[in-house]
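Reading through the structure tokens given below for one structure.
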Amino acid sequence: MSGPVLTYRPTAIGDYAWTFGGAPPVARVVPGTVLELSTEDCFAGRVRGTGDLVSQVVEFPFVNPQTGPFYVDGAEPGDTLAVHFVSIEPSRDWAASTTVPLFGALTSTHATAGLQDALPEVVWIWQLDRQRRLCRFESRFGQYTVDLPMDPMHGTVGVAPANLEARSSLVPDAHGGNMDTPEMRAGVTCYLGVNVDGALFSLGDGHARQGEGETCGVAVECAMDTVVIVDLMKNRPCPWPRLESDTHIMSTGSARPLEDAFRIAQLDLVRWLEEDFGLPSLDAYQLVSQGVESPLANVVDPNYTSVAKFRKQWLPAAAAMDGMHARLREQASAYLATR
Amino acid sequence: MSGPVLTYRPTAIGDYAWTFGGAPPVARVVPGTVLELSTEDCFAGRVRGTGDLVSQVVEFPFVNPQTGPFYVDGAEPGDTLAVHFVSIEPSRDWAASTTVPLFGALTSTHATAGLQDALPEVVWIWQLDRQRRLCRFESRFGQYTVDLPMDPMHGTVGVAPANLEARSSLVPDAHGGNMDTPEMRAGVTCYLGVNVDGALFSLGDGHARQGEGETCGVAVECAMDTVVIVDLMKNRPCPWPRLESDTHIMSTGSARPLEDAFRIAQLDLVRWLEEDFGLPSLDAYQLVSQGVESPLANVVDPNYTSVAKFRKQWLPAAAAMDGMHARLREQASAYLATR
Amino acid sequence: MSGPVLTYRPTAIGDYAWTFGGAPPVARVVPGTVLELSTEDCFAGRVRGTGDLVSQVVEFPFVNPQTGPFYVDGAEPGDTLAVHFVSIEPSRDWAASTTVPLFGALTSTHATAGLQDALPEVVWIWQLDRQRRLCRFESRFGQYTVDLPMDPMHGTVGVAPANLEARSSLVPDAHGGNMDTPEMRAGVTCYLGVNVDGALFSLGDGHARQGEGETCGVAVECAMDTVVIVDLMKNRPCPWPRLESDTHIMSTGSARPLEDAFRIAQLDLVRWLEEDFGLPSLDAYQLVSQGVESPLANVVDPNYTSVAKFRKQWLPAAAAMDGMHARLREQASAYLATR
Amino acid sequence: MSGPVLTYRPTAIGDYAWTFGGAPPVARVVPGTVLELSTEDCFAGRVRGTGDLVSQVVEFPFVNPQTGPFYVDGAEPGDTLAVHFVSIEPSRDWAASTTVPLFGALTSTHATAGLQDALPEVVWIWQLDRQRRLCRFESRFGQYTVDLPMDPMHGTVGVAPANLEARSSLVPDAHGGNMDTPEMRAGVTCYLGVNVDGALFSLGDGHARQGEGETCGVAVECAMDTVVIVDLMKNRPCPWPRLESDTHIMSTGSARPLEDAFRIAQLDLVRWLEEDFGLPSLDAYQLVSQGVESPLANVVDPNYTSVAKFRKQWLPAAAAMDGMHARLREQASAYLATR
């Protein structure tokens, strides 16, 4: 059986949340619920053509709309929420990317402040071939066109933060949020430590694909139809967001400077190997040092995000996070079989 | 005349705010109001002796209590709030400092994550001689005792942040907050850009004195009796907190890594010289480069804070921020004369 | 034809170089020469068992020995040296890894200075099964054993630096050096900008395998038998080391903080797409943003190293670096056929 | 008595050194020698008017010429060289400052790499009134003129580095070098750990004055007539450059990111309080935290430099560095009395 199913499709701008924390829940669900959701792109759908400059069409702070939050029954601080991505599918046959003045890795920004003029503001519209699963890049200043594989993901997934805070949906931190990692794709389970009653989970910021680091600050942004299953692990803390695929476990860290994001993710992975796989601390440090993959997520958001990724086949025989991923994978199969 | 006077002295733990944004105002005041306030120390008064370890007596997230917030009539986004410090006086004849596990500049932290054991947790109680204005350091592990000058200041001063956020009172950012600069002393005016209606100003975290950078993460923490005057500049934005004394103008920046905090403060100072003193941009850059003092504020909080300080006597004849500081200085004199 | 062949196998400690720049050439070669080399491990072969602690057996600064330097005839500043890795094979059936006091990503260091005690110093000896191409991890504090794939690489590859400098072989920078990227494997061509007459190329620091970021600061270190072909591109500058495989072009950046290493590599990749593939600057920025892979190399050395990696199949039909990689690949095949 | 006196005044470009390490000594001196030196400005004297753009008149790498190096008899690794600044006087009645493309704190650089255009290249000529000890700023783009106090200093002071390295004179690190701190003024003693026999001390890069952080990357640069006394402490290591004035002891740290420079300097100060003043480690940490001044030196060079400064009067009765500063102060008085 595949659990209760809730469908939620926001339509008006007022249906979205713009923060993690501080927004009232849109629905209450029990652990094990399948959520059929739609999400708008980070521009709230306002960049539709090459003339739609972000600085003109987007009304700050109404950027990066989140679908949710959902109140998960029984979730309390000290628990961990599991969010399994059953499917992530672009809702439209196009997506948009842009430069944004004083935002991105190869420009001065409001934090890496400077006296130089901002880069020009440019919009690229990418055509999506959803059948062949391709995204088409078209040069704005030349003739070059190329198809890149579609690899849909959610840039923003999170829960309400700790410490009574409400954080903009543009920010990644220990509560998740705008981590912008291409690893957040269908088939993956995301673990998020619960900070407030009900967890208050939401997601958004779909990308048809994204490079590692999100160099210009904006991915191939598109609205998504997404199915997730939410589940709960009681009395199991999770200090930083973790991901699990069929082949890998992954820790994330979000901080500045980037080496701190790296340190957080690598330390969390070492701790995970201690907790769930019984490795002594220094042995885990050694094994991680030789086996880890460290793909960057974003180097542009208010915190940068680094991922530490380890092959399960190289670990002692044990289930990560009490086998949650395998169970959700099964539930997803059951759900997909009946759809 | 010295304006209306409002006295506000919180007594119970529930009287304080723990965030900037997200807390309801405790009072509504008109611009020009004199606020007679009392503030608790960052430990909410719970560290009273060398046996009171932070990890045992402080109940997170109820740390760094703020007195306020105050709703300032007429304050709207795009305005600037001016907060003039008339006086800052320790309420008790002792103050406390501590190490806190995984917090401070000379230890690994939750962000600069590592595998080493935390440093030992230690409390120092400093005796304050308020008459002679001295703070007495007493060695915990040896016999050395020395008196350092008292130089009372507020570590935390701010308004509600932009972008619908609520930030922990431990965080400094563009809204002010936990900047921890020794420059925030009596006689100084602090300028804060308004992000929400009413500004929602609060302050706390009194320090009898503090080194530049707040190396161990904790200053000579004490409860304060503080008098400020709040005033308002309409239609004048202030992107980052600024300070003004009789002799200096000062910009602040709060970010990580520390060079970004430096860049923000230095750029804001250059912009200030352009705006209020008519200097061309590159000339302002050159003059700042040769004349600036750059005392660090904190290198321990979630964002680090850097100050860029420039002597008014080296600037063209013009008043910073429309002469607000001089007017508030006069109002403070009038108030003090009648007290 | 496969070019002249030079065999160079240092035997005594005095045969190695310990810096890039400042060491006299061991041989003079013409462009196109095949170099059959042997390299010692980063410990100069002194860590042979779990009792051989680095702090006791290694004599600083005689660490990370380099084989070379080689003077390449005709190489002048403004040219680019191409180093094609024909083969990299472990010379012994074991390799060593260690923790080193105050070195590594999850400990305070001499730069990220702190008051905590150093982590314990531990040695792991990895058995190498060269036939099955496996490296065996054995727990020092528990019972776990696991085989990881062998993936031999050189941590250190470089030329004499610019600006009259001599840099320790532990340092990566614009001249190459200790970049510690797993991408430096057989089949890859490394491009290095020439800074002094003769280029003065050397290499060392073989790793049987390494995780991305080299978390504990030390890889699976082993002596290597390595064959490279060195060639020369006249009047073609290369500001940062680049790599090319049959499938990808890769730029590197080495700096601190890590985001600067990222920025350097990403910008160099954008410039490379402009130079060799004719993409307009902002189009290149966009395409890189959506297509780049960004595997970390090291987050432990005096500079951190980030790699920006792009699939050739997504680029306009053109040869990177004037087709040098394809030519060297052919020469390597010819050489291997006759060996 | 004031010791032997050596006068050394380089005249031709070939008389200068451009690195620390790797340059042959220009003279051999005994400890206690008074050195009467002249130094050229960082532009090697080639920027003489507002038309002399650095990118056109300076021939890299021949920038930041150093006077020296001097071989100090008896200096060996593990010793500390003491350099007392008797006097630092501008040699000319003008000085120059500039912007330099892709250099400075408020612009992208070769490390903080980006796609924006470089800032305009501008030269400011400052008139020096050596009698009244004033530097006159003249606006290049407006009419403003102002006199700032002259406060002559050396940006670059150092010895040959460890690890067989030679470092460009633009780099500050553990060997000293281009620290660019305004604290390096007459009356101060600088302590430098010796890394090679003879120490190989040199200095240059005089500034008529400089702001803290050297924001635009260039100070008020001028040729200097400088007198120093060099002395030697045997068997006393000094891991990072230290300074001592009549009132303060100061530690320095040079690294990136800036917080690491801060950490190094603060930790060295803590260690200094342990070594010379007998304070227990955590007590020293606490006392430094409340008493330190932390003026930035530079936030523009290949490493950033932070200073940690502590008042001697707040320390236990003991002499820093075995009383070297007091002895050199006396010797300087004796020398000045006879001049």
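As written, the chain order gives the labels A, B, C and D, with residue 1 at the start of each chain.
Going forward, contacts are C-beta pairs under 8 Å (C-beta built on N, C-alpha and C of every residue); 3 or more make two chains touch, one makes a residue touch a chain.
Small disclaimer: the values here were computed from a predicted structure and weren't measured.
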item: Centroid-based (C-alpha) most distant chain relative to chain A; value: D
item: Between C-D and B-C, the pair joined by more C-beta contacts; value: C-D
item: Centre-of-Cα separation between chain D and chain B, whole angstrom; value: 33
item: Distance from chain C to chain B - Cα centre to Cα centre, in angstrom; value: 48
item: Separation of mean Cα positions, chain D and chain C [Å, integer]; value: 35
item: Touching two or more other chains - residues of chain A; value: 106, 112-115, 119, 256-257, 263, 266-267, 270, 281-282, 285
item: Contact set on chain B toward chain C in their complex; value: 106-108, 112-119, 257
item: Chain A contact footprint on chain C (complex, rising order); value: 97, 99, 105-106, 119-120, 122, 124, 126, 135, 137, 139-142, 144, 146, 148, 209-220, 256-259, 262-263, 266-267, 270, 278-283, 285-296, 299, 304, 306, 308, 314-316
item: Of chain D, residues touching chain C in the complex; value: 18-19, 21-22, 60-61, 110-115, 162-168, 170, 253, 255-257, 260, 263-264, 266-268, 270, 281-282, 285
